[in-house]
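Each of the next two complexes has chain A plus one more chain, namely chain B in the first and chain C in the second.
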Partner chain A sequence: MSEKAILFDSSKCTACKGCQIACKCWNGLPSPTGLNENVFSGTLQNPPDVNGDTRLIITFNEMEAEEGMSNKSIAWAFGRRSCQHCSDAPCAQVCPGGALVKDEATGFVSVDDSKCIGCQYCSSACPFDVPHYYGAQSKVNKCTGCIDRVENGMAPACVSTCQPGALQFGDRDEMIAIAHKRVEFLKAHGYEKATVYGENEMGGLHVIQVLKYGVEAHGQVEDPKVSPMVGLQQIMKPITAVGTGATVLGLGAMFALAAGYRHKNLAYNEKTGDTIDVDTGEVVKHGDAQDELTVVEHLTENLPKKKGGSHE
Partner chain B sequence: MTSHWCDFQNADVIMNIGSNSAENHPVSSKWIHKAHERGAKWIVVDPRYTRTAEQADIYCPIRSGTDIAFYGGLYNYIIENDLWQHEYVLNYTNASYLLDPEYEFDPATGFFSGWDEEAGKYSNHSWHYQVESETVWDTSEGGDYAWAVAEGVPEFTPPVVQHPKRDMTLQDPLCVFQQFKKHYSRYDMDTVCSICGMDKETLELVYSTYASTGQPGKAGAVLYALGQTQHTYGAQNTRAMSVLQLLLGNIGVPGGGLNALRGEPNVQGATDMGMLVNEHPAYLKWANTTDRSSLRKWLESQTYSDGYYTNKPKFLISSLKEWFGENATVENDYGYDWWPKVPTSPDFTMMSTFELMDQGVIKGYFNWGMNPCHSAPNAGFVRRSMAKLDWLVVADQVATESATFWKAPDMNPEEIDTTVYFLPCALIYEKPGIILNSGRWMQYRNKAVEPWDMAKPDYEMCDLIWREVCRLYEEEGGANPDPILKTKWDYYVDGKIDPRPVAWALNGYRVAGTECNTTSAAPKTDLLPGYGDLKADGSTACAMWIYSGFWSNNDAPLDAAEQPIGRRDNSDASGIGLNSTWAYAWPNNRRILYNRASADMAGKPWNPEKVLVEWTGDKWNLVDAADFVAAKNGKPVPPNDKAFFMLWEQNGRLESYGMADGPLPEHYEPFETPVESNPLNGALNSPCMQFARNESTRKGDSAEYPIVATTYSVTEMWQTGGQSRMCPALVEAMPSQFVEISEELAAEKGIEKGDKVRVFNNRGSVVVDAMVTKRIKPLTVHGETQHLVGLTHHYSWAGVFGTGDTVNDLTPNVGDPNSFTPEYKAFLVDIEKA
Partner chain C sequence: MSSAVKVSAADEALDREFLEERKASETGRYIKRHSKQARWTHGITIVCCILLCFSGLFVFVPALGQAIGADTVFVIRMAHRVLGVLFVAVPLISAIMAPKGVVHIFKNLFAKWDSDDKKWMILFFPYLFMARFIHMPDQSEVKSGQRFADGMLWLFGGLMGITGIALLLDTTVLDFGATVYGVMLFLHDLGFLGIAVFGLAHIFLGGGIFQPYRGMHRAMFGDGLVSESDALYHWGHWARAELEDGKNVVEKRK
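Entry: the complex of A and B
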């Protein structure tokens, strides 16, 4: 099988969320069932972010259109927030249990639940902040590219359900070619910031995107980077999660230094135990009498709560 | 729609008005994008920057309730700039027809000629044409209309053909074109902008872009939905769009058309089936107490003098034969008198029904496939009316608001004495049957799963009730037994009610060779190949003449897959996406209605790249099934100007005497309006609005309620949520209903995103979530700032995963005088932070 990719064309997406629902249905992911348990986000983006039970959401970002962005005065950028299946998948590289595995044939990064130990290093390593902790089962969850379907000759569930043709699936080269052609079309129609995303990012993503209003408008990360710590982590891999202690937690914090999806740039100083905001130099958490657990809590707290655009 | 979904790809310009197709019909985008990629322009006119506006090239905001001002301005622009399709308009429309000399419109009063103040309605006498000459039907042996006097055909006096006086120079001041031009000369762009709250530059861009399709060979498609129809002038909106398309020569051409985007649950099928009080299945009229009180009167008032509707007697008699079977004979007028007659008063249209409940006239109610306690306008009044019923039957798949009306937060069950019966029904996937899409395609769906628990398909419930009613009549007698006991009800396969014999009835068959009630694997049927074979002499039966031909294979009458409806060949011989071998499009598998108009007077296609029909010099090359008389007695009929043969004049109507509220669309303000005057004429509101004087409507004025409100659906939810609020994933995707408000209004009211907001007027008050957005902007109307808000309406008190207030407590129960459709799209409210 040649390398595959999902193509997301934001300029054809009608933001109907059919993909979001199809993903849940195919993968058996539950939704809250208590009466009025779901809370309205204040925008059409619901739920507000991917979570342990939601591997894919459509994001909404509305703006006054800048010069060259559109011939209309408003720009409403729809985004597709989910795993992008990096070639240099840092999540798979750091995963101590071998739960996250890159399929060399397709390029998709799948998840083997039975091997996930719930350490969440993958969440920190991901420049897009995609893998999310699935509290009830103490596992991490993310898009698998519906590898179960792909291996059986079907397109991923999200693609199969897309009516306007905003999602396509096929050989990666072919998807890239379609994306470039579409960007050309959009530029000729007044969307000068239109761009292809995913061709080279992170060694090449397996979700190729046509971003009508440019990278950031659609909630994507400009020039995402693999954390330098990921390489170091390879050395740590033989040590299991239990007992690796502060060093690994420190590494976890250092992942945040990599360019990525709205992580705060935090650094953990092992000597003092302080956590520092690299941008401001502010000590956001003092190390005095700090135990390992509070570091975990601290990191969790500082993970961005809402992602995927500014929610209009 | 006159066209079909796949045909959008052939358009040069697409205009969505009153339709948020990307949101509510996601699949439409696939076809529009194809057109777009080939260079088409896409316009959206909408109060909000919608999901569809985001896809389009041009977005033009409009104040809810001012569509006709927009269209009038567009007509004026087209005529002033000479952008209309001359050959098309001159020959295929009534532009050249001379109107009655008494025809008049008075801008000072806002009335057309013929207003009867006492009756509160128009007489359309002066809206007719002047008559040049008259001819009569040739009913002699061998004549065109010999069938009308054949044995078995009920006696009636055929209509006289009145040939209208025409001025082909279009110069006579009484010709439709000159009257039309004069009428819309008042609609200049500044006035339109002031009424609609538009920016002139944007409006001009919209006008020039859309009017460019008036060029022969270019096609413009109008896509509309409930944003055009759910108004007190909704039918005039539909006419206004038809007139626009005629002016530009866009009806009947590939990529053109007037395209009503219908809802998913078979709205097209329901419309065809005549779900309105005065509509008989297949667009015939029900018996009434005035001009249709007997069969003879029906035939004489309904049969057209010319065009295809000269055949109406065949359709009606065949329908009666299906209705009453062998009991229907020429001697008893085929049972016509057994049909109930729709009275002039009281009015049994939907909104009036609840008035009648309130007055104690209606005491029992079958509520089938609808949820008016949630979906009807002024829903609070509906609930209070229902509480006066003795009994209520609700057939639905979940306990809807209507099934539990006494549980509404504002109801006191102790004071309610209504007995409520709930009949659980099968969901669409739990029963086989026929469904139609907006392009009139008929497709058969097999049952996917068994109905849950005691739930039954609606037709099975009907059958059980029917048989029990018949048993009671037979055993105990009762009032008016004949309409019940003479009715033919034999749609059984192996003793069980079955949609397949119903399909035979809809398709039509020769009575002598067909038995609906069958126990055989090879039933006896003589199904007709199409409606051309229907007779007015009682030898054929057909419940839906327009569908005739969809189920016509006598070799396998029980197998949907072997019928035209079951075709699944998606090869496309037309090359322009007609897909004529996929499913079956009524009528006669015609994919684009009025396709004669796709070619010029010589029969040459306006666009040689996209051919529907073409006269080759001695015959017609028919890529689509002809929607005109292409051959007669086996001989080709050379091209003529009869492009609209469903009308007696066989030309499209720029002016129409058929509307209750005026022969030309004229702008009037909605029932509740934020403005105090109408710059276009002396009447603020249309004098013809229905139910506006009913006490229950509780009209609000702009001093108290200054904000224009409109309602709409979101793609994540389906109508009142009976199905979609039962799906946790959909509730998660759209957890509540919201009011969409501009940043400017939000700042004025101190409201922030996600706040709870109270929206209220004289009829009700609801608390919903705030969605503060850049996508709605305050408009400048009559020189002043006008705020507009939008509300979704999918939640209410019944439900297990998500509930909310009932937004339709706010909408006014007033309606259109032609269709009786309610006004959901323009009314007044005020809002405050809750």
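Entry: the complex of A and C
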């Protein structure tokens, strides 16, 4: 199977939210249905952001209409907020439970929430702030690209329901070609900021977008980057393994080399100020002055060849 | 201390008399080193620390977590949080209960290094591999190397505590943002490396696994006393001062 991608053309989207419903239906995600359970949040986005039960939302960005852009005083830049399925998916890199896995065949980042340990590392690694959590154990939830459908020859649920044809699904190269063609068309019709998003970001996304009013207007992240912390965290694992292993080896060697050794049985006679070896009766130190030997003398004084050397 | 020092005949006689008295006595001299509160605080903290290291490993090493399954890791993670709170709270409560003890600890930790301290530190690494051949310079109440290692444990322990609490708050009641979370996580991992290295060394020496340090565990896990001989070997200057002073010296059956 070749790499796949979902194409979102914002210039065709009517924000009907049919894709959101299709996503919920196919994936069995609940919605609050009680009386007044959906509190108005001041935005037409509903819910206001992706959450543990909502993998996809259509975003509403209200803009001042530019001259010649529209005959109305405002213009809407609709956006599609969901997992972008990065090629360099940092969420999959940091996931310790193996719950997030990049499917090499399609390029989609799939989710197995039964493996999620709720650490929320993925959330901190994602430059799009996509992974969200549900339930008491904080299990991860995010778009899977409907990989179960794709593997069976179907398009993702959101794509299959899009009436205006704003969503398409197919081989990634093909989607990119369609997107470029559409951007050319939009530019020719006065939408100078129209651009293709997802072709190169994060090593190439598997959601390609035609953004009619530019990246920012549609709520996308300009030049997303993996946090350097993700790389540092990954480096810490081998460093800790090597550091701890070397310490254990070193301590093992020290233990072996000192095995059987017991230091002298010492006593202190306050009357004379002498520290005495109880077993031999020898005075090993008189008084409490600072040591006068050099470091080299310390190192060599008791070596076998110099055994019995004086220490006065 | 390696070889004999010549003393006057009078002193020699007094020393002989002293040794005979000690030999005849059924008791030995011990010096009080750690209070009961210090021993309990240390005990609870290190049990927490060891359990925190092991529970943290199930998230830090993906293969371990995946081997036991997500639900078990979840339980371990929750236990990690409870232990983490104890790890931070117990020393803090203890410090509030005994502020003079805290001052004493940090005074020792930052005490000026004398010539013996510097020499001891230089000799320490070779000594670890050649303990039977190298005699070390006398030390004060806390050895120079001990000051360094204890300082590292305080530093990394503090780092673990602060970043652990930040991570706990960030995933429960507050939201510091992804960048702060990432930085805290990295520092927590860095703290773990430090704790692993210095903690293992601390257990090796303080637990008396290293042969010349045999019996050292009794200072923290026993009655808090150190025998005269051990005290003279490890902290010569301190031991002599304590034996001269006599306030913290107890005689007990050998």
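Here is the rule we use: the second predicted complex is superposed on the first by the 221 of 312 C-alpha atoms of A that agree within 3 Å, B and C clash if a C-alpha of one lies under 4 Å from a C-alpha of the other, contacts with A are read in each partner's own complex, and residues count from 1 in each chain.
Basically, a contact is a pair of C-beta atoms (placed from the backbone, for glycine too) under 8 Å apart; a residue touches a chain by one contact, two chains touch by 3 or more.
Please read all numbers here as calculations on a predicted model, not as lab measurements.
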item: Touched partner set for A:Glu64, first chain B, second chain C, both or neither; value: first
item: Touched partner set for A:Asp129, first chain B, second chain C, both or neither; value: second
item: First (chain B), second (chain C), both or neither touched by A:Gly153; value: neither
item: First (chain B), second (chain C), both or neither touched by A:Gly28; value: neither
item: Touching partner for A:Pro47 - first (chain B), second (chain C), both, neither; value: first
item: Touched partner set for A:Gly118, first chain B, second chain C, both or neither; value: second
item: Larger contact residue set on chain A - chain B or chain C; value: C
item: Chain B and chain C contact sites that coincide on chain A, given as residue numbers; value: 312
item: In the complex, chain C residues that touch chain A; value: 1-7, 11-12, 14-16, 18-19, 22, 29, 59-62, 65-66, 70-71, 73-74, 77, 114-116, 119, 122-123, 126, 128-138, 171, 178-179, 181-183, 185-186, 189-190, 192-193, 196-197, 200-201, 204, 209-212, 214, 228-229, 232-233, 236-237, 239-241, 243-244
item: Interfacial residue positions of chain A with respect to chain C in the complex; value: 95-99, 114-121, 123-126, 129, 137-138, 227, 229-230, 232-233, 236-237, 239-240, 243-244, 247-248, 250-251, 253-255, 257-278, 281-286, 288, 290-291, 293, 295, 298-299, 301-303, 308-312
item: Residues of chain A touching chain B in the complex; value: 11-12, 14-18, 20-21, 24-25, 30-44, 46-47, 54, 62-64, 71-74, 76, 78, 163-165, 185, 189-190, 312
item: Complex interface listing, chain B residues touching chain A; value: 22-23, 26-27, 29-30, 33, 37, 49, 51-59, 714-716, 728-736, 738, 753-754, 769-775, 799-803
